[in-house]
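Read from first to last, the chains carry the letters A, B, C and D; within each, the first residue is number 1.
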Amino acid sequence: MSSTLVALLHGPDQPGLVARVAGWIYERGGNILHADQHRDREAGIFFQRVEWEPLAASGSGLSASAEAFQVFAASLGMEARLTSSDHRARVVVFVSKADHCFHDLALRWRAGEFSGELAAVISNHRDLEPAARGYGLPFFHLPVTADTKAAAEAQQLAKLRELDADLVVLARYMQVLSGEFLQQLGRPVINIHHSFLPAFAGGRPYHQAHARGVKIIGATAHYATRDLDEGPIIHQDVTRVTHRYGVDDLIRLGRDLEKRVLAQAVRWHLDNRVLAYGNKTVVFD
Amino acid sequence: MSSTLVALLHGPDQPGLVARVAGWIYERGGNILHADQHRDREAGIFFQRVEWEPLAASGSGLSASAEAFQVFAASLGMEARLTSSDHRARVVVFVSKADHCFHDLALRWRAGEFSGELAAVISNHRDLEPAARGYGLPFFHLPVTADTKAAAEAQQLAKLRELDADLVVLARYMQVLSGEFLQQLGRPVINIHHSFLPAFAGGRPYHQAHARGVKIIGATAHYATRDLDEGPIIHQDVTRVTHRYGVDDLIRLGRDLEKRVLAQAVRWHLDNRVLAYGNKTVVFD
Amino acid sequence: MSSTLVALLHGPDQPGLVARVAGWIYERGGNILHADQHRDREAGIFFQRVEWEPLAASGSGLSASAEAFQVFAASLGMEARLTSSDHRARVVVFVSKADHCFHDLALRWRAGEFSGELAAVISNHRDLEPAARGYGLPFFHLPVTADTKAAAEAQQLAKLRELDADLVVLARYMQVLSGEFLQQLGRPVINIHHSFLPAFAGGRPYHQAHARGVKIIGATAHYATRDLDEGPIIHQDVTRVTHRYGVDDLIRLGRDLEKRVLAQAVRWHLDNRVLAYGNKTVVFD
Amino acid sequence: MSSTLVALLHGPDQPGLVARVAGWIYERGGNILHADQHRDREAGIFFQRVEWEPLAASGSGLSASAEAFQVFAASLGMEARLTSSDHRARVVVFVSKADHCFHDLALRWRAGEFSGELAAVISNHRDLEPAARGYGLPFFHLPVTADTKAAAEAQQLAKLRELDADLVVLARYMQVLSGEFLQQLGRPVINIHHSFLPAFAGGRPYHQAHARGVKIIGATAHYATRDLDEGPIIHQDVTRVTHRYGVDDLIRLGRDLEKRVLAQAVRWHLDNRVLAYGNKTVVFD
């Protein structure tokens, strides 16, 4: 496979955008492999994902193509995020004590399912240190208490910068990240919530679901934002339950859901298929 | 098929209930066809559905068997609801203007999918009168306005008693029934809510779902109670949506969900498979 | 909504196709609303669906645009099928005795879910004549026996030409159409098979499924071809069953599946989203 | 939790079976926790799963209760399989090179999801030896070639007897077990087939599925029998695919299906919920 560029674009809708983007690439010798677009008619926003092989002979390489494209997109009033297939995103996983999502991510990564690298594991507990090391992953124990939260977040930020993290995945990390942390990080953070949001936001969602007597439970992967459980939803899935299922059964079934939903969201993100805007996402699958 | 009895029982859990119920039936010459039970361990409640063929030679017939069983159940501290397969429940459908759930129920009834009869249609609008008559169903137009609500409910109650309704189905009936109405009716009322409750309770749930950017929408059939959208859930189902779906698409896809979920809930209810307790249900499927 | 054109294209893959198609439309003042494409890498085929608003002021109108596009597509070595949103496709439904798929199609058509018109119903039995007339649809009774099959197909062909049918839908029509009929018709025919093909091809698939003890049953909508049950699959769906389900239950549950799967396939076809090639389809959903 | 007994019964149907089984247990001081039954009306067979707490004070203990029940069941013409909750079944996993099902089973076992113990891993390759040892599991490398198959099966049999295996799980073990092996083993063997059987039996099912252009793929867990891919199906699940998915995508998505379906089948089997008869199963879930 030769190198490709993926651009995720969005901006005010106007006639001719599809053709002008395709034309720009074509005129520079690029070959479009995939192009998908979406219009939010209410909001008047145009979204596009386009993937192409730039002209191979181009001495200046991918980064020059990428820069030039960014200038072009701006001339159309659009923001563009460009990624080269040569760049493998660096993913840092935050965990607490539950290990199911972590094992799932690590095994999928080892099986080559992700366009990115697991770079390290950060945890407020030592429980998963052996598991992390078993996969050959650096493990950093950064304890967090109510009193030390600000200091702990400063440590986390420093570590993430040192690790050059492109993406943080909260794999059942049982701490809330502050809005300030998210802002200073400036990189996307994907969280898995163990309910079908917006139902059962907040704590102990399986207990809430059991108390309400629902017949279906779910899990939701979303970008973390300042507003807990309110971030843009990337993926959701559900499974059927009956009156026979106790809270323990919901928790057990939920583990499977959480694994699947989080892994799919991370996969789409790393394939540059997800564009967040407002509290929504466009997922070019 | 010979006549059968179905009992739905519940009461405080105690050792020996399964054997004693089975024994009582066996000693009187009955043959159990199905028996299913459930224990809510937290609440300490035992639930059972048992279906049997009573002794054919019994001169006193089904009603005597049923009465005797009721006395027996009471001696075990249990409430019992008994139904004979010879009794076809009478269902009255409430509609407003939307016709999809109504056609679905009527066509399933005609195809023999329900253990019961559609007895009549009541509506606050005349729109579905021709459709109802097309199926040979009596149609009663009982208009409701904010000012006349109490009087309209009195008319509805009188009509339901006259029709000897065993079950009321709200097939996208766009009016809230008062707690007083439900209490005076004293018969179960099944409603279809066009969201995956408890998410998006209240009005315009598809608009809410679209605004939140969920990736799955749902529908919920529940018994109507005094607390709107809080009644015991009988059945739920969901379907996947993407960023491409506008509110109109959600409404269209939702129609399919609503039809399926409501029909299944009505079917289970008419097969005497549903026991409501608190804000939950046990569904012996 | 202004008028739009939809083109479905396919041909040998080559660099620059996306840009050249987009460029052609743009240069003529058209505005692309949607464009989606697919490459079958093994077969080296490029597929595209593109929908655009042609220049409004264009005196020559849609048909001139369409013709010019066809010439352009041919110059790229591609076959193109063009449809204007002003053209409402004419659908003729073939039925036998089962009515569930027919009612479902008719109700969806009446609810405005299809980009096309139900033009007439043709049947080898008179059973559904009242139902068809109830929807205001012409009904033609063309009996078929083993001996008269050739003559009956000639009658059907003549009727379909008279009706100017764009699409034939076999809504549980229990007769096999000959290869010769399909060839002479020269229009697509969509069939619903009541199993998850290729499992349980041939007759009585629910009986076959029950005998095999499967835990999931399905339905398959496909284009009819000379080889029975071998045509390109457009859509499939499944539902879970258990050991408790007899053949009658499978048939009942299957009706829901058949309705949903057939309606979705017809909808996609009428939206010009389906491209058949070999024994496969590309569905631009 | 006190000890319980689970009986799986089946035999010719006759009136009174439910009551007589319940009565027998009750008279001996046992308390029935769950009882579920099924009638295959065509075949005239009665199936039951009953779980109870025997009288605690009983000096003779569970094994005496179990023996007495077996005698009682025989007196009703029924075969009974009894298991005590004190007995943890010993599971031996056969693998080849693919590791996804193995990791999934091992992680679920470690999370306490199975009523049984992984006792050992047997493989015709050494690839998964480190993974097995990582979970603290004995690993036995028993190579198989076309020439040595009979000898290899003799080795496997000897090893399984030595390990006192109650269940063998073929976790993507890429060898066919001979009918003679299965007969001599005399213990159940669960296999995972990577298709929605009976579609795509035999080799390379994902390639077959891709060639046929299906829109849904599946996986099937079944008991291994002399007839390859023809054994009683325990569980199946499916996932939706599109024209965009190449064979590699089907294989990747299939891994998730295979894991889930195999784990659920093993879980149900170990909970004594599965009764095989003919080429079907009754699953008391």
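One rule holds for everything that comes next: a contact is a pair of C-beta atoms (placed from the backbone, for glycine too) under 8 Å apart; a residue touches a chain by one contact, two chains touch by 3 or more.
Since the model is a prediction, treat every value here as computed from it, not as a measurement.
Shared contacts of subunit A and subunit D, meaning chains that touch the two of them, come down to B, C. Across the assembly, the mean Cα position most removed from that of subunit D is the one of C. With centres defined as mean CA coordinates, subunit B is found 42 Å away from subunit A. Work out the mean CA point of subunit B and of subunit C, and you get 37 Å between them.
Residue positions of subunit C touching 2 or more other chains: there are none. Residues of subunit A touching subunit D in their complex: 100, 103, 107, 111, 113, 134, 252, 255-256, 260.
Across the interface of their complex, subunit D is touched by residues 38, 40-41, 196-200, 212-216, 218, 232-238, 242-244, 246, 278-283, 285 of subunit C.
Of all residues in subunit D, those touching subunit B in their complex are 15-16, 18-20, 22-23, 25-26, 31-37, 39.
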